[in-house]
Structure formats: structure tokens, C-alpha cells
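Structure below; questions to follow.
Chains: A, B, C and D, in written order; residue numbering restarts at 1 for each.
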Amino acid sequence: NHGKYTQVEMKDNQIRSRDHCTSAQRFRDAQTSRDLKELAEWLINEKKMKVLVEPEVHQKEFPEYLAFDAKSLGNQDLLIVIGGDGTLLYIVSLFQGGKSVPPVLSFARGSLGFLTPFQFADYKSVIQKFITPNERHLVAIRMRIVCTIYRYSEKLLKNDNIKEKEKKDTDKDKETSPSLERCSDDKQSANSQSSSMLDKQWSQLCSYFGEQRMKEYTLFGEYHALNEFLLHRGRSQNMIHVNLHVDNNKITAVQSDGLIISTPTGSTAYSVSAGGSLITPNVPCIAITPICPHTLSFRPVIVADSALIYVTVPWVSLFFCLIYISIRTHKFLWGEKNSRLCPEFSFDGRPPISLSYGDILVVCQSEYPVTTFKGSPYQCEWFSNLVEKFNWNIREIQKQIP
Amino acid sequence: NHGKYTQVEMKDNQIRSRDHCTSAQRFRDAQTSRDLKELAEWLINEKKMKVLVEPEVHQKEFPEYLAFDAKSLGNQDLLIVIGGDGTLLYIVSLFQGGKSVPPVLSFARGSLGFLTPFQFADYKSVIQKFITPNERHLVAIRMRIVCTIYRYSEKLLKNDNIKEKEKKDTDKDKETSPSLERCSDDKQSANSQSSSMLDKQWSQLCSYFGEQRMKEYTLFGEYHALNEFLLHRGRSQNMIHVNLHVDNNKITAVQSDGLIISTPTGSTAYSVSAGGSLITPNVPCIAITPICPHTLSFRPVIVADSALIYVTVPWVSLFFCLIYISIRTHKFLWGEKNSRLCPEFSFDGRPPISLSYGDILVVCQSEYPVTTFKGSPYQCEWFSNLVEKFNWNIREIQKQIP
Amino acid sequence: NHGKYTQVEMKDNQIRSRDHCTSAQRFRDAQTSRDLKELAEWLINEKKMKVLVEPEVHQKEFPEYLAFDAKSLGNQDLLIVIGGDGTLLYIVSLFQGGKSVPPVLSFARGSLGFLTPFQFADYKSVIQKFITPNERHLVAIRMRIVCTIYRYSEKLLKNDNIKEKEKKDTDKDKETSPSLERCSDDKQSANSQSSSMLDKQWSQLCSYFGEQRMKEYTLFGEYHALNEFLLHRGRSQNMIHVNLHVDNNKITAVQSDGLIISTPTGSTAYSVSAGGSLITPNVPCIAITPICPHTLSFRPVIVADSALIYVTVPWVSLFFCLIYISIRTHKFLWGEKNSRLCPEFSFDGRPPISLSYGDILVVCQSEYPVTTFKGSPYQCEWFSNLVEKFNWNIREIQKQIP
Amino acid sequence: NHGKYTQVEMKDNQIRSRDHCTSAQRFRDAQTSRDLKELAEWLINEKKMKVLVEPEVHQKEFPEYLAFDAKSLGNQDLLIVIGGDGTLLYIVSLFQGGKSVPPVLSFARGSLGFLTPFQFADYKSVIQKFITPNERHLVAIRMRIVCTIYRYSEKLLKNDNIKEKEKKDTDKDKETSPSLERCSDDKQSANSQSSSMLDKQWSQLCSYFGEQRMKEYTLFGEYHALNEFLLHRGRSQNMIHVNLHVDNNKITAVQSDGLIISTPTGSTAYSVSAGGSLITPNVPCIAITPICPHTLSFRPVIVADSALIYVTVPWVSLFFCLIYISIRTHKFLWGEKNSRLCPEFSFDGRPPISLSYGDILVVCQSEYPVTTFKGSPYQCEWFSNLVEKFNWNIREIQKQIP
């Protein structure tokens, strides 16, 4: 019962199904559970498919369906999502560490979204169509962007009580941001960006920042985003202060509440709130949008998808010394100061982690895009969504001045 | 040696002088200390005045000068500031709890600012001019706005472990935001907004929200801001969600990164970064500017200085129940959830405190404006600052298309 | 049958009534004619009032009602408008030349507007209420702004064929912009701004630009606007290039598609389209908003209603000489060039006239505001209109990220 | 002496050289003439090349150099421009009617521009480098967009005095916009878009708008733009009112001052003034930016370079009838009304022509891009220009709040 897709071939019958993503929401939303059950039964009984569900769903609600685990991620033929754009965003963000995302078929149960063009009520006909062999399907291959963070080696700061304080802070971050950590754990695995990519990236960094300097850096984490990466001041009252480099040139110093590096898919999310333009998903580009910039002229910039973007958190060396003295004399806490002046990093709505002085973030196009099934060709769905979701350019028609 | 001012009469010779506001900065900036000493000696020896300095400055650097204390605040004749706009903003923010701010004379040591029109190098002639009797002076009376926070009574949540968790959170806030707490302590004193004002406000609240509901509320704090009040999502990835009421009408529901309620003085600060217009300080108005709003059409709004603004943090009662169930069953932490969904509140760049469900914020014009000495009449200083600080409308002149 | 108003006392029973403003629209809209007749009959027969109508309406449709003429303008007790905000704007713009506008009562026949809070269906009860003696009424006193244009004396350019070409152009302007001309004719009459005002203005100009220079200038026209004054490039592909002065200081050089100087009432019209903030009508201020400025940092500015604004069209003297040479040698047409480089001037949606090199525009608060009856106190009507007319901050509520 | 270029091979030695574009400017700028002469002599004597100059330059200043004519356009190997971005824009706009533009080498004599990366002072070394055989060169291939206008057939309106009035208007347009007309004349020639392209376009139009309707349409003109197409209200006080279709779907109705359809190259020109994002020239996309839109939510949209955009000027049929009646009865002039309600069309800063009711504009990527030589790889020149030309994100660095 193999189905042919425009982009991918089904390898076996494994199909994962998933409902809303948190316990709280699932409690509120018994209907999703019923829908999930109905869909799964139909897939198993009628279509003779294998169904895997999210581990939490397996454990708490549906022990009768197998759970997929981190290792099996990426081996499925189809990813079915019940819920809105936010649910799809969440589930796709599980595919970190360089894992291919199976083609995604997403069903809305309320209003349709930018990423969810089908109604759940039609699931039978929609799925039947997509698993029919030799059928051509409409898909959007949505670019993701990848951010690799390099951190100044910890050795240099060791034996230092400052460091311990900071470490505790980071631990706390870990507690409150499990998913982000889960992702960064994957960096250990062999499944991340192809090593040739990383090697190339490393040599570019060495050639740009100097080999001597890069010796002190280690890989901290790697994150793939479908919508955007976000640097933000968080709770601090200070603006972030980072440097932006594009294609091996320092472009500008960013002083702002935050900085968004977004895909076209993400242009309708955070970026547009911050003043960015709306970009149809088929434009191969990356949008750089500041949040509440210190200057009045920091207009958003759109670069090609081939651009290599570095964001660096500057060492404030003089400041560092002064802080050091302060610590000695006034019990000034490094960690506290640190969390105030270093931006927080996040992606696709995940809980943030704190960056450190000297961090280098490398952002470029990901090798692992996301394929979503579409209901119609071209971009008309996207434009309809602009109108429906944003009231884009909607107003009563003005009569002419006579 | 009494000096006459346009606005105030000097009651005695007390003049306070003050330099940069934190230890860290003072360490960096030995020049400020020298300037402070020079100025103080000149005032004492040449002008026979009494000089009070900030307690910290008294304790750590200049025991020879008296320190002013919280109680004496507001009894001085002149407030001299050495530093930029940020320093003035900080020192003025000490005058909470309904204390009149003495007229402020501020000296810049680098580039002039919106609030600091004089160079320190000229301090002798400037001060001499301002303390000459029967001389007319140019001053700007800058409106401040006051925010009174009313919180749902704690009794209803007592005996509840949720509460304790929250309390601990608040305690932590206290630690990291000493100044904000210091202000709110003043609410106990008799020096806050005149009680007739508060009585009037209370009866307005009762008439608008219902007397029954208001019975459960207590006064939580009162804050006077020269620049702006800020509600912000902080570290949370969720937008804030508050309701905005003006003059006893619900205006709109705000979903955004944050909300700025700003004076004209503050229009050149955070508000302009978020897309607000620039407003000369003599326009009697309050600007309401959203930060990264969820809608594309949430343009900033400017209301009269007579406007009575309520911002309410809605009770999400259904959600509350679900959370309660979650706690029972899944050890879901209220405090954590709370800090994610309630906005953080701050003013004039101070560290934030977390608001709670049901909080009612009343914002209106403060009875205690700030009088600053100006170098020239009208608003030309202000416009020069726009150009100098923001590069406002600066660009090489374009040749015409032939 | 005298009615008392909060602001004005009725002098006699004259009440003017008026429907849509152009023939084209009247043809389309027979209902307005019927409504007008019904209203007029009721006023005359039931309320024993005298009814005057617009001359065109008198001549073409209702010879039975008296027409008001330019001279009688301003002597009526009440101005009744049937139609939307545009109609009110038009009818009020007839009150030029320093004539007081009677209090305006406006009836919408479709959706209500910012200026038209009553439904025509309710006209009997509404009017009855407003003409009841000793009744207190809710009114908004809406500030108007006045622009006085001073032009370089024609003598200096006489005997010059350039001039004739230009004159012809101006004549053409006159044809296509009858109403604007009608207004400027009024400058001859004694009814314009009180001569003391003009004298004061003149001496300010002399003191700022120099008496010698002002000797060459004559008064060209005076215009009162309820919404805004507009300078615009019109058909030219060149940006306008004018200088902006506030309170006797040159503020900036404006290079843009246009420049809007707006009242708070006008902040919801052209100004908001160009990026201006929304301002409630009770804020005493003037908004200056550029249209598509050449710089990225030219953010709108809001000044006090007491501000004295000059906009000057610079002499490009070197350029002038070159053009003169060009004319001699290459038949280059001055008039054409002129119309390309001088901005066009307009107000409240009227047809534009071309400005000339050296023109000085003086803009300040008008002595003749417009009083409109309101349906409710405060600004809640205004906010409802924002939502209804602009979909201001309207969008489906976003669920929180879990 | 053949030079190899990355993109093109030199066919012979013809090199055209050109200075500023109008008489007026040339008069002002004798230096350009001297530079042109110096360059030409060097090319002829030292490099043994053939030099062609613009016909006007040939006729008025340098009869010793051959003039190129319209027919020879496109057969040269190199196009040398002395002047700024505006000059390059002008000279490239001569290559209409589907003619390939030779690679462009542009020299600035003042500050460098987005399109002019070389100083004239270095012309010898720069040119020498670019004509050296087997050398690799850095070029930017800049996309142009093409607009084909289809107009409702004139037959249907013939014998109608309305038509004559309109015709006269158009004639007047012709006078004042020679260059635009010159371009549209080229539509007659066989050199326009390849006929297969036009055939394909026509069948798409027929399939979308209906074959019956398209029968009444004829090709009116074809324009290739390097920066942008502009629809604008011009002198009219009415907003334009057109419909926007993308990829065979009606997207939205546009009510605004104007509409800009821009290339990435043009994103730093008019589009950014109207609020568009800045786009590096290597992003394959088309930006759609409204000017002062009637709605608050009409954010700019960026579509792929493969997008097929239709802009239609709607028939206002009911209105048309009413106007017709008005003409009969009130001498209402159609032409006048027409010029008020139909938008004006322009491109790359050219004088505008008036569109007519029913016009269909088809905009897509042009088959004839412009190749410009660059001084350095990647986009760093472009970013430097942002900073230099726009003061992009330039402001004194803000000290942190302590």
C-alpha cells in the first residue's frame, strides 16, 4: 500500500499521528483525543497502516498505539498533524539534529491556517488522495534555517566563582526549557548537519575571525527553525547589543529590544509584528528584522537564502575588568549582570536560553526543509490567509471625493 | 542668598548635587567625582550654600558632605544633576510617593541631551544666573504620569500552596528590583497622592467595575514616571494579553509583546522605538504605543492628559481551573505558568515586577511634574536633539530628476 | 423658540440644511433629496424655523427654500448636515475668511462617522433635544488650523514671458479648483483673520526673515482647515523640497512626496495613511507628518497648538539662472519646470493649487474652530469609530503557546 | 583587443560613453564634459576602440564622436556611464522594446552609489582590468521587470465627444512625457518581448478574464523597469482604486495614494520611502508596496520573481452612466473626471501617463536583465551604501542602564 508523493516515496506504512501538544491543552480539548482515535482506527483498520504517536500521548492516553522515539524520527513516510499552525510548528521543531522531516499533512479543526489547509472533517478523502499511487500532489517545500552556536571555551573561566554562578543560571535555564536542551543534546549525535557542512563552516569562521581566536571556541548547539530565530533582551531593561555580519562582512551593530532572523514562512509570524514585510513562502530568502531598534532608520533587510549570517555577542573587555573589580569590592554578582546584558536566544516560540559574551551564532539555510501538502497551487491560499488572519488590507471601500 | 525661580522660591540654601548613579559606573568615571567635588566646593565656599549628596555618594566617597535621606526629599530648592538624560531620569525616579521634585538643573559632560541642555564647563555662569534674585528663567514643566496598581486581595488565595510559590517569586523580584520596591514602600506613607485623589479614584473604580468586585482589591503600589510605564512579556514566549480602558470605556484588547504608556518627554525614548510619534514636551497628552502588536492595524494612539486609563490583567477563570487540575495530577507549577502569562511591569528603565491575574492599573497625569531649566525658549532645543541624537531626517540632499 | 447650547446661543431661527455636495452624487442619491425635504418641512411647519439651503440646492431642486449666500454665512444658529464625514468636511470648508461656523449637527444615513454621530432616522428627537432651552448639550470644539500664504511680489517678474506662462498655469488652476479660489477671494474682505492677528503675524515674519526681504511679499491667500493642509509633488516625479520652521527656528529640510500638517480631527484621515499616530480630538496639538520621506528616520512630529509653523519654498537661485540661460538657448519652458519643482498646496481634500518659489506658508491654530454635537461624553465614540472604520487592532484572539 | 567578461563576450570594440543626461544638468556641470572627452580619447587612442555617444551629446557637444541610434542599441559590448545611480537608471531605461542591455560599467564622480561602485579617477585601471582577456570579473545580474498594458479597444468609444477630450489629454501627456512615449513606440517593432512570450501571456489573459472580454483589448505599451513601476493618484485628490491579482487569483482591492511594484534593485528607491523592506539585489523576488494605503493593515508583500501580477483599473459602470447623464445635463467634463479617478502610470522616475478605465497591466520578470560590474563580491557594497546613503541604523551607541 505504498503511496507516491511529489517529493518523497513512502518507505513503509508507518504514519505518525499527533494531537495538541501539551497536557493542559489536551485536558481542555477532549475533542482532539476523539479525533485522534477516529483517525488512527481508520488508518489501521481501513488502510492497514502502522501508526505511531507522540510518547506522551502513548503513555497517558493511548497505550494501544506505539510511541515513536527520538531514534525513529525521520524514518516515517507521513506526518499527520491535528491542530493549527502552532501545533505544526511544535511538532516540526522536534526534528532537530539534522533529521529529515517526513511530508506533513495537517488538519485544522477550526479556521484554516497558513500551514494547515485542510479541514479535519475531510480527512478520509484528503488522505486517500495523498496515498493513492502515481498521483501528483501539490506540496510546498518550506525552507528552514539552521543556527549553530559556538561558545568561548569554558576552560578559561574555570576555577572562577563567577563561572559557578553562571553555571547555575544555565542549569535553571535547562529546567525551564527542556525542549531547547533536548535539541542541543542532539548535537552529540552523528545526525546533525553533515560533518562536511560543519567542517566548511568551521574553516569559514577561522578564516573570518582568525584561527587563533577560534581555537578557544567549542560547538554549543545547533537548532533548525521553520519560522524564526529570536535574540531578545528578555527581562533585562537593557537593549541587546550584538554585531551582525553577512557574507564575511560586518554589516552593522544592533542595539534594540531584539533581532529576528526569519524564513519566508515565518514572515507572517513575529517578523510582521515587528514591522517586517510579508513574504510568500516560495521566495528563497532570509528576513532580518529588528525589534524596537535604537535608531529610527533600522529598516528590515531581506537577504538571499544563500547568505551566511553571523551574529556575535561582543566581549566588553573593559567592562569585564570593571565588573571583576566590582565583584572583589562590592560583591557585585557576575551572573546577575550577565543575564542583564547578554541577549536571550530562542526559536519558533520555544523557551529561551541565555547567550554568553563572545558567543558566535552562524545562521544559514538548513539542509532539512519541511514539505507540506497544499490544497491549491500558487500562493492564493497564502493570500487568503493574510486576509483572514490579519484582516490584511480590509476596510470598507472609501467613496471618492467629488 | 535666596534665589528666585520662575516656578519655585528657594526656601533655604540646600542644594543637592549628584553624579552618576551606580558604583560600577562611578568606578569607570573618576572625572565625575572630581567634577562633583569641584562643584560642591564652589557652592559651599563661594555661594555659601548647603550641599546634600546621595547617601551612597556620602558613604563611599564624600563623607564630608551631608547625605539627604528619604524624609528630606522634596524640601530642597534645587536639584543639580551631573550626567546625561539617563542620570536625570534615575534621580527623578527617587521622588516617588507624591513628593514634589525641586527644579532640576542638569549638566552634561559630553553631548547635550533632551533633558540636559547645559555643559558642565559652564556651571559657574549657569548656576550664578539661576540663583540671581528677581531674574526670570526659562523652565519646562514636564508632566509625569502616575500608575496606581490595585491587586486582588491575598486572602482569597491563602492557605494555598500555589500562593506560596508565587510569593517566593515575588520575593525574588524584590531582590532584583530594589528600587521599584523602595518606591512601593512609600505607598504606606502619607506622602503619596493626596488622599482626596485616591478617594476619587477609588469611587470611580467602584462605579466602573462594581463595588462588589472592588471590595476584594487592595492598593498594591503607586509609581510616578517621567518617561513611560511599560507592560512587557519579559522572558515569556507568550504575548501579553490585557484590556485597555479609557475614560470609563473599554477600548480594546491588547495582544502584543508589550504596551507603553508614555509622556511627551518619554516620546523620544522607548515609544519612538516601538513606532510612536515624536511629541514636543509642551503638548498636554499621553501616548499609548503597542510593542510588536498581534494585529497589523494597532497604530499608536495619543489621548489628552486628562484621560483616565485603566489597564486590566484579565482573569482567565476557565484556564485557572484547568491549571488547578493540572497541579493535582501532573505537578504543574502555578508560579511558573503565572510568570509566563502575566505581563511584567516597569517604569523609566527600572527592573520589572510581575503582575498578577486580575490586577487593575490606573494611569493618569501625576500631580507632581518635574521642572527643568532650559537654555532657550520654545522647542528648538528639542528639535536640535532629535537631529543630533536620532539623525532625524538627516541624509544627503537628493538631486532632482531632470 | 430660542435654544440654548453649551457653547453658543441661537441668534434667530435660521437653520441651514444641506445634503450631498455634488450633482453627480445627488443624481445617484435621490433618497438624500427626500430626506432633505422631509427635514425642512418639519423644521418649518412644526418648529417654525427659517430654513436656508445651499445655493445649488435652491436653484436646482428646492426653489421653495431660501438660499444662503456668502455674506450671510456665519449668522445662522445651527448647521444641519445630512451625509458622512466627507460632506461635513466640505460644508465646513465653505466657512473661510474668518467666519465663525455655527454649531454643526450631522446625520448619517449609513454607518456613523467620526464627525457624524447621529442617525437620520432619529432626527426629530435629536433636534428637539438640541433646541430645548436650558438644556445642557455635549459638544466637541474641534480646532481648525489656518494657513496664510505670502508670495514674492509679482512686480519683480513682470514683463517677463516666463511670468505669462506661469500666469496661464495659475489660471488653469483656478478653473479646476473653483472652491480654493473662492476661499482666497475672501482674503480681500474684512472678514478674514482679525487684522490685529495679521499685523502680529507680519511683524513676526519681518523679525524672522528680515524686513527688507518681506517688503517684496504680498498676502496671497488664507485657508482654514478642519482636517489638514497638504503639500504634495502632484504629477511631478520629483520630491518636494521645502523648509520647515517651528517657533522661529528652522527645524529641518523636507524632501518627500509630501507633507501633511494636520489637526487631531485630521489625524484619522490622510495623516494616519502616511504613518501618523491617531490623536483624540481633545488633544490641543498639531501633527506634522511626512509622506514617503527621502530619509528613513523622518518620524512624524506632534507640536503644541500654540506652535507657529512656517513652511518655505526655497529659492533655488543658481538653478534659476541656469534655467534662464536654458530658456534663451534651448526653449526650455519655465512654467513646465516650475510645475515640476514647486509643491502643490491643498486642504481638506480640495483641488490643489501650485505654489511658487519663495512662497512662505504660515500655519497656526485658527481663531474659528468648529463645534460639533456629540452623542456621548469623552472619547468613546472616537474609539468605536477607530474600530469600525479602520478595523483598528481587530483580529482573532491568539491562543497562548503552551 | 577582445575582452572576456563573466557574462558576455565583446563582439567588437564598440564602447559607448555617456555623461549626464539632460541639457540643464550638462550646463551646470562642465566637468562631466571634460571627463567624457578624456575618457573617449583614451579609449580611442590608447585602446583602439570605437566610441559611440548619445545622439544629443553628439549633436551639441562632440560631433567628433559617432552617435548611436535606436537601431544600434543593444549591439555594443560595453556601456560606460559617468554619473550617479540616477544617470544609470536613465540610460538603462533607453533599452526598451526587448533590447539586451550591454554590461554596464559606471563611474561616480562624487559619492559612490548602489549601482556605481567605481570612482572616475580610477577609470584607466578599472577599464583595463575589465577588458583584459580571460580575466574573471565580478558582476551583478540585476533583474528587470516588464509591464505590458492592454487597453480597452478605442472603437467602442469612437464617435463620442468624450473620447476626443480624452484623446487631447493623452496628447498632452505625450508632450510632457516624450521618453515614455518613445518607449511605447517600440512596441510596434519586432524587438519587444519575444512573440512567444506575448502569445503565452495573451492566452493566460484570455483564460483568466475570458476570451470574450479580451477580444475588445489591444496592446497599448510595454515597459522594462530596473527600479519600479508606479501607479499614483497624481494631482487628483482621490485615492487610486485598482485590483491586484497574483498568479491568476484576485488578491485584494488597492485604495491608496499609489502602488509600487519594485525589483530588489528598486527596494532602496521609492519602495523604502513608502515603508518597504530593503532587499539585496540577489534575491529573486518582486516587492509590492502600497503608498499611504486607506487601510492600516496593508503591509508590503514580497512575491517570487516567477509571479504573474495583474493590476486592473476597474470599470465603474454605474458611475460611468451617471457621468454620462451629468455630461448631457450639466456640461460635466468626462476628461476631467477621468483624470481624477484613473491612476497615473510611470516607471523609474519617468514622467507619468494616465491610465484608462478597464486597463489591464501585466507585470512579470523581464527577459532582459541588466548586468553591472561590481567592485567586490557578495553584498557588502550594498550594505555600505545603506549606511552611507540612508544613515541606515546609524546613531551614537547607547550606554546601558545600570
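The working rule: a residue touches a chain if its C-beta (ideal position, glycine included) is under 8 Å from a C-beta of that chain, and two chains touch if they have at least 3 such contacts.
A quick note: this is a predicted structure, and the numbers were derived from the prediction, not measured.
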(message) Can you work out the rotation angle that lays subunit B over subunit C using Cα coordinates, in steps of 5 degrees?
(response) 180
(message) As a test of understanding: of all chains, whose mean C-alpha position lies farthest from that of subunit C?
(response) A
(message) For the two copies subunit D and subunit C, is the contact made of the same residues on each side, with over half of the numbers shared, or of different residues?
(response) same
(message) For subunit A versus subunit D, what separation do you get between their C-alpha means, in angstrom?
(response) 39
(request) Determine the centre-to-centre distance between subunit C and subunit D, using the mean Cα coordinates as centres, and give it in whole Å. (result) 36
(request) Indicate the whole-number Å distance between the mean C-alpha point of subunit B and the mean C-alpha point of subunit D. (result) 51
(message) Quick check on subunit B: which residues sit in contact with 2+ other chains?
(response) 24, 237, 272, 293-297, 299, 349, 390-392, 394-395, 401
(message) Quick check on the complex: what are the subunit D residues that touch subunit B?
(response) 21-22, 24-25, 84, 86, 111, 295-297, 299, 349, 389-391, 394-396, 399, 401-402
(request) Write out the stretch or stretches of subunit A touching subunit B in their complex. (result) 23-24, 27-28, 176, 234-235, 237, 256-257, 270, 272-275, 291-297, 322-323, 325-326, 330, 332, 336, 344, 346, 349-352, 390-392
(request) Flag every residue of subunit C that touches subunit B in the complex, lowest number first. (result) 237-239, 241, 246-249, 251-255, 267, 272, 276-280, 282-285, 287, 290, 293-304, 306-307, 340-341, 377-380, 383, 386-387, 390-395, 397-398, 400-401
